[in-house]
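The chains carry the letters A, B, C, D, E, F and G, assigned in the order they are written, with residues numbered from 1 in each.
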Amino acid sequence: MNWVGLYNYWIVIFLMMTGFYIVVSQGNLVKKLVGLNLFQTSVFIQYISMGKMPGGTAPIESSAPAVYSNPLPHVLILTAIVVGVATTALGLALAVRIKQAYGTVEEDRIREEDRNV
Amino acid sequence: MIAANLPALQVVLPLLSAPLCVLLGRGRAAWLLATVVSWLALAIAAALLRQVLAQGAVHYAFGDWAAPWGIEYVVDGTAAFVLLIVAGIAATVFPYSLLSVEKEVDPERQALFYAAMLLCLAGLLGIVITGDAFNLFVLLEISALSTYTLVSLGQDRRALTAAYQYLILGTIGATFILIGVGLLYMLTGTLNMADLAERIEGLHQSRTLQTAFAFLVVGIGLKLALFPMHLWLPNAYTYAPSAVSALLSATATKVAVYVLLRFLFTIFGTWFSFSDMNVDWILIPLALVATFSMSLVAIFQNNVKRMLAYSSVAQVAYMTLGIGIVTVTGLTAALLHLFNHALIKGALFLALGAVFYRIGSVQLDRMQGIAREMPWTMAAFVLAALSLIGVPMTVGFVSKWYLILAALEKGWWLVVVLILITSLMAVVYLWRVIEAAYFRPRPADREAVSEAPWGLLLPTWVLALANLYLGIDTDLSVGVAGEAAQRLMGLGP
Amino acid sequence: MILYLSALLFSLYGFWLLLSGFWHDSLLLGLGGVSVLLVAVLAARIERRDPEHHYLSLLVQLGAYWFWLLRKILVANRDVVLAIWRPQRYPISPTEIRLASSQRTPTGRTIFANSITLTPGTVAMEVDDEGIVVHALQTQAAQDLARGEMDRRVSRLERSAK
Amino acid sequence: MIFAATAIAILVVMGLALIRAFVGPTVYDRVLAMNMFGTKTVLFIAVFGFLSGRPDFMDIALVYALINFVGVIAVLKYAQRVGAGECAEDG
Amino acid sequence: MIDIVLLTFLAATAIAVVRHRNLFAVVMLAGIYSLLSAGLFVTLDAVDVAFTEAAVGAGISTVLFLATLALTGPREAVPVRKPYLPMVVVSITGAALIWGTLDMPRFADPQAPIHQHVAPRYIETSPTEIGIPNMVTSVLASYRGYDTFGEVTVIFTAGVGVLALLGIRRKRSSKDAAEKE
Amino acid sequence: MRQTHSDKDYQVLQVVAKLLVPYILLFALYVQFHGDFGPGGGFQAGVIFAAGVILYAMAFGLDKAMSLLSPQVLRPLAALGVLIYGGTGVAGMFLGGHFLDYYVLATPPTAGQHLGIFLVELGVGLTVTCVMLLIFFAFAQRAEQAP
Amino acid sequence: MIILEILSWLLLLFGAFLGISGAVGILRFPDFYTRIHAAGVTDTLCAGAILCGLMLQAGLSLVSVKLAFILLFLWFTSPTASHALASAARHAGLKPHLAPSREDSPSTP
């Protein structure tokens, strides 16, 4: 079995899981969002990796004959990046409001505050 | 021209009205636009259903690019049915929202609120009929992002944390779906659902396909609040503005259930999902645990919205139970319950919204004796509650009946007993509300209130009566659901 | 203002042509015109808020100065690279020094400050109306600056542009 | 060949800058490393264009340079707002 | 070869993000992460994506994060509980993915299904069919134009959401400013 | 900290920013209109344009940036961008095609595609610029008022 | 032709060497303010050498023009960024390590 061709994917999976780990383990709302960003960016890398052609070039027609990489994953990821930044912006806006309402962005302290009310 | 473009209009109309709402900038005008659009959407959904029933599935290619190259909408029986539910609920919630929103949302934010409502509606409608796996993800995010916004606009500060939590879990779910779709694309080279289904056939042994399946199920599970992944739901429903709670509880999880159906049956195929992956072994135990535990939790809630939110998790579990049974009857039950639960929860939350409008709270102790002051509101609540319990002559009875039938077909007596027990538990928690509202004296410190205004009462009663009417005249819902179930199982035409 | 705007329009359109490289496509040329106008409107609004004479002719004059500066940069680079690779032979001696600056406009001071920073081994830390606080890697570089040649050259540049 | 050598050298520089960004010790060291890293990325993209035989996408490098600059200025601006004492020593 | 190096950098950055407690450092490292992945996209021929990722991930996102930090503070509390459960969840997810890669088409395999179906049409006929050299733009705006419509709507939704949450006050009057002083 | 950092401290930044910002904005528009030929397009252009204005805001203060492009103008423009995109699609519908069919927009089919893509990218660019700026203003305004 | 080629190679190698020097410096130097100088080396001349080397490769074309723009942009922004960085650090109260012996000697020009 040809393991070398998978090595890339394994690093990417490691990256994804690092991001995912930050999301689920950290208590700070802003850091969670950083993790979410990392997680999503890594998924993007995964998508883009699969579109690569050996010896290919960017899918923009050139005068010289060339092998082009697959443009479809690129299009999908362009959309996904936008979705990602939209989510980040909204999440940060929520974090700002939470800070103003609770005085903290730590999950544990927020939970305490809620219990006290 | 219009008839040919109905599938596109169904989604594009609300989508384009959202920026118009922002342009209008004023609460009432935006409301008027939103309401008219929601009615138009209902009309389109009805027309589509008729079209589909008459001539079979409708395919619509965006930009006139044929299917695997472009994006396609496919409206089949099931989709048209779910469209009708979503649009129908929206068409009652939107008119309702005028008064309720004026009370609960800042005047400056009202136009944005309606824009978000329209975007949410458009996203949900789009998810139902899209025939493209990636487009599904995009629409999912449109509806999700607008939902986070809507939830966060609740008055309580806990609405913010609820929305945040929802955002994190929802985005994890969406990213899982993205990973799943990516793996599928990697294996097949296509994103079109029909094309995917065809190409997956030969790949059942592929470990990559199995991973994709797992990720998609978990991702969708997060979105539909499948039992251990339901943590976002109770808070989100409790602290959202009333109109939003009603819209979400009636539509969002239902659409997610529908997406699960789509993936399990249409894309991966019954054989792969249930024989190779044995997803029913996971769905059924989870569903059983969920109905039982969530009903139990609901009994101990003092906030009625929260109580109903837990009840929603339990009810969604009924649907997954129906899916897990994997028979035509089971699926019929799931689809019927999808339809009926939307009506039930819609009515219940609208009634609660009316109560909240008057007394500013839905805590049980604040609601004591409310029935004397707001008889019509509480009557609608009782009607919908009976339906939730599953009393004959209501829609709730119909779907439970089919669910029990499906379990009996399989000879699963234990499941039947459990369904009956959880129905009894529903009686218990709903009784707490009814007892408080009807048989307790009004707390001394509460000001006297009057009946809810017509603007709130009318939509509530429309849904409540729909519970009754469709419980008696079951031809349409059972007919459509049965046919759709047959087609999903690969038996029908 | 009018002078500034016309110079701006001219340079912006030149920038567009050089970026685009489609010199025969009338559509893109037209779009370029529209874009340049749009940007110029915004630039004019920026200018109106902070009316400050921008020496565009300075850019031309800059040529000779840059040549001189380039030589300074090369020499200074050698010092820093040596300090990096052979710290024993060429030890660093961080110094802070305050220079008087004879420029009269923010633009002039900016050119001076950025020239100081561009030459490795010295960084402008603080710029105000009277002078500039400079941090130098080696005392020698600071002393070199203190001799004031660069200051004079920048000031001459500033005056000639007027 | 020469492009490959240059690209590798730039990668090495990026790696070293990355180390400085990890170690700190102050926020400003990190910003410095980030700035350096950014400019090296610009160079890397430029060289890579030649390396891969399609040098006609220099716009990307230009965007990187721009974004890097805006990013550094933004960090400084907001670091100031938060209060310097907090960022100066972050071990 | 180059992509392996960049991936290693990415991994190192990701680990650093996990370990740092100063959120300013974390945000900056996240910006570097974005820049790095954008560099990786260039080496993987995705120039359009690199363009966007650099502008969005390293630019706009970083600025927004920083503005948020200015409000919420750069310090992260030290967690009280040990993150065992997250570790388990993440390990299971990662293991599932690794397992899933075993039957995957290899990296840069020209025979992979995605190079055989659908995409060839974009590559072969879009320059004549659409008349535009950049295939990404053709697919983005025409073949899958509806996705892009969705994308614009998503960004619009985010705008609606942020405005609804934070709002923008009209220009502060001088009186307001005087009060603040 | 804010007191110690007066406008004077930013003068180098201000001079450089004022010099560069027009070119950055023009570069953004170049990216917008050359998306057909090279990397770029509406989305990237919008973000770069926004980045240019953000740079201006960093150097000269938020108030000036907000009076340069006021939020009251940006908000309807953001909506307009979506409407341009949708309107292009609907126009395709009216001219006898499906939603987003560009072939029916003009007589030689490729000209129709060109026109469609141009309009669509314009909508994307407009919305992205405006929304990004609105989001930035919303955040930065809060950050200015931070304690 | 060959001369241009060789010249471009030399420039590229020179740039690469400067880049590595700067990176080593940024690791070796004792405090933040001295590190700025090391970074300065790489930002200015290294970028200049490499981009000029590339320009020679590209010849008289659009690519060269764009490389020139990049270079111009970098030379405008990187000193600005360095200056902003130093001034911000100074305002934050970060004290430079100064050479002890001649602390005050050159402060009067």
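The definition used in the following text is that a contact is a pair of C-beta atoms (placed from the backbone, for glycine too) under 8 Å apart; a residue touches a chain by one contact, two chains touch by 3 or more.
Note that the coordinates shown come from a computational prediction; the quantities given were computed from them, not determined experimentally.
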item	value
Chain D reached from chain B - shortest hop count over touching chains	2
Each chain counted as touching chain B and chain G at once	F
Winner on C-beta contact pairs when B-F is weighed against C-G	C-G
Whole-Å gap separating chain D and chain G, where each centre is the average of the chain's CA atoms	12
Gap in Å, rounded to a whole number, between the CA centres of chain E and chain A	5
Where chain F and chain G are represented by their mean Cα positions, the distance between them in whole Å	32
Centre-of-Cα separation between chain C and chain B, whole angstrom	61
For chain G, residues contacting two or more additional chains	22, 24, 36, 62, 66, 69, 73, 76-78, 80, 82-84, 87, 91-92
Contacts with 2+ other chains: residues of chain D	31, 52, 56-57, 59-60, 62-63, 66-67, 69-70, 73-74, 77-81, 84, 87
Sites on chain F at which at least two other chains make contact	1, 5, 9, 12-13, 16, 19, 27, 31, 37-40, 43-44, 48, 51, 54, 67, 75, 78-79, 82, 86, 89, 99-100, 102, 135, 138-139, 142-143, 146
Every chain pair in contact, whichever chains are involved	A-B, A-D, A-E, A-F, B-E, B-F, C-F, C-G, D-E, D-F, D-G, E-F, F-G
Residue ranges of chain E in contact with chain F within the complex	47-48, 50-52, 55-56, 59-60, 63-64, 67-68, 70-71, 129-134, 136-138, 140-142, 145-146, 148-149, 151-153, 155-156, 158-159, 162-163, 166-172
Chain A-facing residues of chain D, complex	52-54, 56-57
Residue ranges of chain G in contact with chain D within the complex	8-9, 12-13, 15-17, 19-20, 22-24, 26-27, 32, 35-36, 39, 42-43, 46-47, 50-51, 53-54, 57-58, 62-63, 66-67, 69-70, 73-74, 77-78, 80-82, 84-85, 88-89, 91-94
Interface residues, chain B side, partner chain E - complex	15, 18-19, 22, 62-63, 65, 68-71, 108-109, 112-113, 115-116, 119, 122, 126, 132, 134-135, 138-139, 141-142, 145-146, 148-149, 152-153, 179, 183, 185-191, 199, 206-212, 214-215
Residues of chain F that touch chain D when the two form their complex	1-2, 5, 13, 24, 27, 31, 38-40, 44, 48, 51, 54-55, 58-59, 143, 146
